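Written out below as structure tokens is the structure these notes cover.
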Amino acid sequence: ELDQFCDDLNKTRPEYVKSFQYESRLMLSTWIVVRIDGCHFHRFSDVHEFEKPNDAQALNLMNACAVAVLEEFRDVVFAYGVSDEYSFVLKKDSQLYQRCASEIVSSVVSFFSSTYTMSWNEFFPQKEMKHLPYFDGRAVCYPSIEIIKDYLAWRQVDCHINNQYNTCFWLLVKSGKSKSDAQSYLKGTQTQEKNELLDRLTGIINYYNTLPPMFCLGSSVFWDKETKRVDNEEGATGKSRRIVVVGHCNIIETGFWEAHPQILDEKV
Amino acid sequence: ELDQFCDDLNKTRPEYVKSFQYESRLMLSTWIVVRIDGCHFHRFSDVHEFEKPNDAQALNLMNACAVAVLEEFRDVVFAYGVSDEYSFVLKKDSQLYQRCASEIVSSVVSFFSSTYTMSWNEFFPQKEMKHLPYFDGRAVCYPSIEIIKDYLAWRQVDCHINNQYNTCFWLLVKSGKSKSDAQSYLKGTQTQEKNELLDRLTGIINYYNTLPPMFCLGSSVFWDKETKRVDNEEGATGKSRRIVVVGHCNIIETGFWEAHPQILDEKV
Amino acid sequence: ELDQFCDDLNKTRPEYVKSFQYESRLMLSTWIVVRIDGCHFHRFSDVHEFEKPNDAQALNLMNACAVAVLEEFRDVVFAYGVSDEYSFVLKKDSQLYQRCASEIVSSVVSFFSSTYTMSWNEFFPQKEMKHLPYFDGRAVCYPSIEIIKDYLAWRQVDCHINNQYNTCFWLLVKSGKSKSDAQSYLKGTQTQEKNELLDRLTGIINYYNTLPPMFCLGSSVFWDKETKRVDNEEGATGKSRRIVVVGHCNIIETGFWEAHPQILDEKV
Amino acid sequence: ELDQFCDDLNKTRPEYVKSFQYESRLMLSTWIVVRIDGCHFHRFSDVHEFEKPNDAQALNLMNACAVAVLEEFRDVVFAYGVSDEYSFVLKKDSQLYQRCASEIVSSVVSFFSSTYTMSWNEFFPQKEMKHLPYFDGRAVCYPSIEIIKDYLAWRQVDCHINNQYNTCFWLLVKSGKSKSDAQSYLKGTQTQEKNELLDRLTGIINYYNTLPPMFCLGSSVFWDKETKRVDNEEGATGKSRRIVVVGHCNIIETGFWEAHPQILDEKV
């Protein structure tokens, strides 16, 4: 009875059916960015009572997942994360999955999601995971180093603007305002006004600058040299190896890129 | 210092940078299949000592994840799984993510992966997860019901062919042959010969037909009516509700589709 | 000296350079529409003093080009034209250029353009061609007969609406109104009002219905049977052959399609 | 009766029908090449008795069409032609048709085709055009100046290889060999052998180098400064203007690009 399948084989048209598949390949010799975003993370952060406006442990968990991605996908040369979003930059000549968009995006998102789920207990030992975390993703190509830096700068500017707004918003809410009042209050305010408001609400001068850099600058993840001091009989020597590091740096200014020329090195 | 970002804002060109994004939308009014495949699952199944050629618990875990996908993504009307692969069929007029390929594929893959990781302990309480499971995915559109059925038939024929081969292969290996000898032995054999080999190796007539249907036919997942007998004062009545069920049916023949006309109903 | 080229051959990277090429293939088993539009035809019709709102000879020239397209590209089963626009419908299973969008669109547009240029003198023997005519084009796929008919209906509705508007507009202008006054006058008017205006301006009851069908209904081009009466010794018999015909029919209503079932026959 | 169309308007679903249209936009900030090829030009050149292996007038006609393309489409910065093929390079930041592939390709092909048809008599005053010339086209993007130069070098190497082969082939045929004998004879011969064969067949030393550069090097078309000597009362001065020129240069070596830095200038 089961073998009737094989008789049915000729009735199906495997080659015809397969020919509907369509590989969208990303242009050669361009930098690929895979950006992932949490799905329904507003709900997810509510259910798990993440601190507002930033939950350091939730961000640390995101960063740990990003580190794992760089270790698993060796063509990823840089990652930048903020809130429930992460951008992964693949080197210009990456041949990962022959540059098929779906395969690249889905495998990175999938690996990130499994890692997030697996690592939850490590970062939230007291909290049971009540909803499944998941992410969507997309790939974008950029043809030059200048534009890839512009892309990353855009994400960091966004991080700053959102963080400044959210910091004000939640301080207003904690001060007793309703959420909609807080929203109206902030509507149309400029950077300068928001900073003054923060100082007034907290009584701390330049309050915004006292916030952890991870909140203001997001997280940058990349391979770097780690030098270990090794003391032995012949005296102290340095031993170095490459590891994935997480930093909270200004990546808009050129200084960062000048200090880390290997990250976007086109010859690698 | 941090506020310098905002001054940098104008130097970055957010609109220009954003305009590199390119949404690949799947053709309207066509059936979308999202097919996911395990990445490095050969290694994954070795490390976790999955039974060969089929590990029932590993398949049950895959099926549980597929059930969760149907419950989370209501536009998925059917799923078919075999080995570390699953195909999800979205209804013809789905507007999920405005039919953007990346978002649809990545969110389904991501949700599946998180569910797999989360549910591992339930299916393998004795086994620690040593490697992270992850999957890649792709979307294909099919313009008619006939072709979507041909697609599913193709996957089921593949399931059967692979299962028959693998069943022979592992029986030969267990009988003492080396893997490469087993491979040579099977090269070019037809269905009939493989069946005779199975009967000879096991001493069981029609051995292949004694295998669990899940191994030979794969798993079909869909919404179905469940009718419960309810006994109350007025006597017994049936109460029905829709639930996601897992079956191991012949989906190549028309009988299955005639018995479940609601699955590919174009009017829904 | 010239042979140095060959030494340079290895320096160039033909395979790498070729791999940037990317074929966008149109989905199998769907109806392909190639729609072409005149480029700068406003200028072109002014320079050649086409009659307003419709120049019968200019339309006849367009139709002759469409007939030539059907004769050259045998997968084109229907064409519909209005003004400087023409839509060509390719049969569902066409394998023209392996369904590569660029090649299909460009070859049809190119052939149409050459024919237009070549045939100019035949239709405008008194007028020298002062500007080169050219067209742009695009391909769209439609997955069912219903939607392809909806597409064609959409174009014919557009034809009617534009024609009614333009007929009013040019009668107003000929009656002495400036172009901008005519525009203001017509703004927001409904079909009924436009018809009354036409009757008033011309003094002819139901003026719109007296216009040539080609202006109101556009042109439909397709293969049809031509039956010729042949008188010979044994008496009169009908001899039929297939030719491309140009009609001005209502293609929105089902009657046309019922009378010409072979046009969109999926089995051909 | 005709007005029934408008009642039908709501039955058609223009927005739905339109939403099937899909714009394939070419990546921003990349060099676009539109390459066109003659359709059935083997037949076309036979019918019009073009000289073998190269017909100078046919090439001059192609070049005249390319010049017209550069004059009409101001974003085209360079064109390279050989045989019935022409490649047009659009500047990196071209916004022509918002970089929609179909529109760019089809309008260039269409304009080229009309020009070819229109100019036929000028180049072949004695020959009636018996078949309509038409071309297909495609667009490819290249992300850097290096790769666009590699692309052009690839086309010129192809020109040389084909020309050398064809020159040998037709000399053999003219010497009395059949076409298939000539083919067999040339199979596997290297550049050096072909050159010796040419010298032997013609009795001219370095025969290949005596061929017109247009045959060996193809044609390059670009904007250049033309300086005219103007004699007036104050003496002679140079007056310059930009015109489109046709050259037959080695574009594989860097010399050409160094001498014409404005052609691929990224800042323009």
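Odds and ends about this structure:
As written, the chain order gives the labels A, B, C and D, with residue 1 at the start of each chain.
The rule is short, and it goes like this: contacts are C-beta pairs under 8 Å (C-beta built on N, C-alpha and C of every residue); 3 or more make two chains touch, one makes a residue touch a chain.
Please read these numbers as outputs of a predicted model, since none were measured by experiment.
Looking at chain B and chain D, the chains in contact with each of them are A, C. Copies chain C and chain D of the same sequence differ by a rotation of 180 degrees once their CA atoms are superposed, given in steps of 5.
Seen from the Cα centre of chain C, the chain whose own Cα centre is farthest off is A.
Judged by shared residue numbers over all numbers used at their interface, chain A and chain C contact each other through mostly the same positions, with over half in common. Centre-to-centre spacing of chain A and chain B amounts to 29 Å, using the average Cα coordinate of each chain. We define each chain's centre as the mean of its Cα atoms; on that basis chain A and chain C are separated by 50 Å. Taking each chain's centre as the average of its CA atoms, chain A and chain D sit 46 Å apart.
Under the contact definition stated at the top, the residues of chain B that touch 2 or more other chains are 16, 20, 22, 27-28, 141, 147. Residues 1-6, 8-9, 11-14, 16-18, 20-24, 36, 39, 68, 97, 100-103, 105-107, 109-118, 129, 132-142, 147, 150-151, 153-154, 156-157, 160-161, 191, 195, 208-209, 216-217, 250, 252-253 of chain A touch chain B in their complex.
The touching residues of chain B, when paired with chain D in their complex, are 16, 19-20, 22, 25, 27-28.
Chain B contributes residues 27-30, 141, 143-144, 147 to its touches with chain C in the complex.
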